[in-house]
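Presented sequentially are two complexes of subunit A, the first with subunit B as partner and the second with subunit C.
Presenting the complex of A and B:
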């Protein structure tokens, strides 16, 4: 989509990517579903849908405003058309917006969350609550932008969902919204909170691979369903603020209302880091595209960690670098920039404890992939392998030693072999 | 795995591929005989067939048409699978190739069951704590089993340390986790 491509921007030295001023990253459906599921588990389905659709609304509004401005779209019809075309470009499926000034309806097909949930879990679990909170927030924001309504004045509910075995996803957009567009975390915010790019071990290799991967993923197009399928997963170009807001708002609620399970929710959001590294980094490493770009992965822990670090940069996770790597023993991973800390600092101020859960747990998963997977055997990266690697066989401890959410210069995690 | 009494009962029965004895109500394999060269996983088959038999029994009870003599017959393209209660504690499954007529398969099974029933021990099923059974059920059926106890803890507020010792859970906690397990699996209730 031409308009979306015209908005592509980056802080290239910091390995961060933006659509207009909105930070975006690449994440797969395994990560997305696990992340949303954790919000659901923490808050209950109804409150979770409200939190998620509000976060989606707030993250999407600025992107949609940038988009219609850049396209010089004046009429509501033009603007709604642009919003409808942008969602498939991001790999989120198709959403027909049938809204007017005071609301209306929307109808989704192949929406990323509902469709991929049904594909991943549908044969094992009957779902009874809708899955497409992101699309709901998008629909509310798109309608506000289309009709120049006050930001945050609308809300959207999903009445039928493909994940619940209904034919299509249907939404109702109406008044009574509570999204707060006053504080926005955009490119300028990131520039205030990140540090100069660090130089790690194997820096030239990491940089070179990351550059090749960035070129590759930037050219990815969605299919006729509005989905992006590659590396064995459904990939989204997703708004990072959505992840941050849903995770941190949920964790804060748990800290206030159910403090005795704070560690549990931190562990679950961290678990999504394992999920991402296994399915996305692993899927990329095992792909023919990777073989063409870098060569087949080898059973060399250092090389796998270097590759995973480069992939993290290539997917827009920030400037991750290897401060120390002792195969079989220890990894010290740093990030002078990532997508978690700037959001936290802007929205909530300084934290008393480290809170880059995704970054920290991804580092541990790097070590697991580097030491426990036989890459030369071309493994099938499926649920069975995941369970064998991450259910009870996790031989690594981690400590977040520095974190920008706490005001430290960089984010740093130390992963060490767990003593028997 | 094969025990003498099962091998003896199976001896000479044409087109017989497997005999599996499942302990109820936990649906765990008690004993099995598989024809030579079979690659089937007896534990897995026994568990699923046990679940199937239990669901069938509960369904028939709901229809007020259950009887202990009930024989469950499954006709797959390649096999007849026959399931029958041997006693309150055991269900026996026999898998026949379709070369054998269904009526003959039932007859062979009836004869085998008479011999098997004599050899089965008087087996008192240990009544495991309900909390243990709920956790086992989740481990078997929930998606993302590596994280399911964390999910239950987050939903219920019951600490992980308590969930890791389900035999010691209070009745109140067991009721909570059972309700949560049903919700995670999209079920109205857990049939355990």
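Presenting the complex of A and C:
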């Protein structure tokens, strides 16, 4: 889609990518489902849907406003058409917006969350609550932008969902919204809160691989269903603010209302880092694309950590670098930029404790993939292997030693071999 | 792959047996190798004749897409082939779908060679 491509922007030295001024990253459906499930587990399905759709609304509104401005789209019909075309480009499926000034309906097909939930869990679990909160927030924001309505004035509910074995996803857009568009975390926010790019071990190799990955993923197009497949993995070009707001709003609610379970929820958001590294980094390393671009992965821990660090940069996670790597013993991973800390600082101020849950746990997962997976055997990256690696055999401790959410210069995590 | 002074042998482009490949999709990824390393144009011609189009133009890699969403990825340097069955195919039908794609690729390669051998 030409309009989306015209909005592509980056802070290239910081390995951050933007659509207009909105930060975006690549994440696969395994990560996306796990992240949303964590919000559901923490808050209950109804409240979780409200938190997720509100975060989607707030993240999407700014992107949609940038889009219609850059396209000089004047009429509501033009604007709704642009919104409908943008979602498939992001790998989120198709959403027909049948809305007018005061609301209306929307109908989705192949929507990322519902469709991929059915693929991953549908044969084993019957789902009874809708999965497409992101599309709901998108529909509300798109309608506001199309009709020049006050930002945050609408809300959207999903009445039928493919994940619940219904034929399509249907939505109702109506008044009574509560999204807050006053604070926005965009490219300028990132420039205020990130630090100059650090230089780590194997920097030249990491930089070279990351550059190749960025070129490759930039060329990937969605298919006619609005699905994006890269490296054999279904991915989304997703708005980073959605992940940040859902995670941090959820954790703050838990801290206020159920403080005794805060640590559990923080661990679950951290585990999303394991899920991402296992499925996305693992899937990329095992793919023909990686073999062609970089070479087949070797059973060499340092090489796997270098590769994973480069993948993180290539997917827009920020400027991650290896400060120290002792195979079998220790990894010190730094990030002079990532997508978690700027959002936190802008929305909530300085934190008293480290809060880059995804970054920290991804580092631990790097070490697990580097030491416990036989890459030459071409492992099946399935749930059984995930459980074996990350539930019963996780041999690494981690400590977030520095964190930009706390005001530190960089984010830093130290991963050490767990003593028997 | 062209050989100066003579026709290519039929077995030059033989496919190794199809086996499950690594990946995160359930029974979606299947692997084989092409023995003999055909040139890009030869393989692309075979696949396009079978209704696939090339969607990745990287010199080290061919990714070909079927009208029904399946993909065949080919690493030119190593001959690795990954057959990716589309996500909409029910899980129980994925092995058979992969086998059909494999047979059609093998058949196309064989017919290409046969045509060359006869010239």
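Definition applied: the second predicted complex is superposed on the first by the 419 of 420 C-alpha atoms of A that agree within 3 Å, B and C clash if a C-alpha of one lies under 4 Å from a C-alpha of the other, contacts with A are read in each partner's own complex, and residues count from 1 in each chain.
As a convention for this text, contacts are C-beta pairs under 8 Å (C-beta built on N, C-alpha and C of every residue); 3 or more make two chains touch, one makes a residue touch a chain.
Treat the numbers as computed from the prediction; the structure is a model and nothing was measured.
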Partner chain(s) touched by A:42 [first = subunit B, second = subunit C, both, neither]: first
Which superposed partner A:282 touches (first subunit B, second subunit C, both, neither): second
First, second, both or neither for A:260, with subunit B first and subunit C second: first
Which superposed partner A:119 touches (first subunit B, second subunit C, both, neither): second
Touching partner for A:379 - first (subunit B), second (subunit C), both, neither: second
Partner chain in contact with A:165 - subunit B first, subunit C second, else both or neither: neither
Shared subunit A contacts, counted only where both subunit B and subunit C touch the same residue: none
Parts of subunit C lying in touch with subunit A, wherever the complex brings them together: 20-26, 28-29, 31, 55-56, 58, 60-61, 63, 65, 69, 71, 73-78, 80-82, 84, 87, 91
For the subunit B and subunit A complex, residues of the former touching the latter: 141-147, 150-151, 153-155, 157, 159-160, 184-187
Of all residues in subunit A, those that touch subunit C in their complex: 28, 30, 119, 123, 216, 219, 221, 223, 225, 227, 229, 232-234, 279, 282-283, 286-289, 291-293, 296, 378-382
Touch list for subunit A against partner subunit B, complex: 34, 37-38, 41-42, 120-121, 124-128, 254, 258, 260-261, 264-265, 267-268, 271, 386-387, 390-392
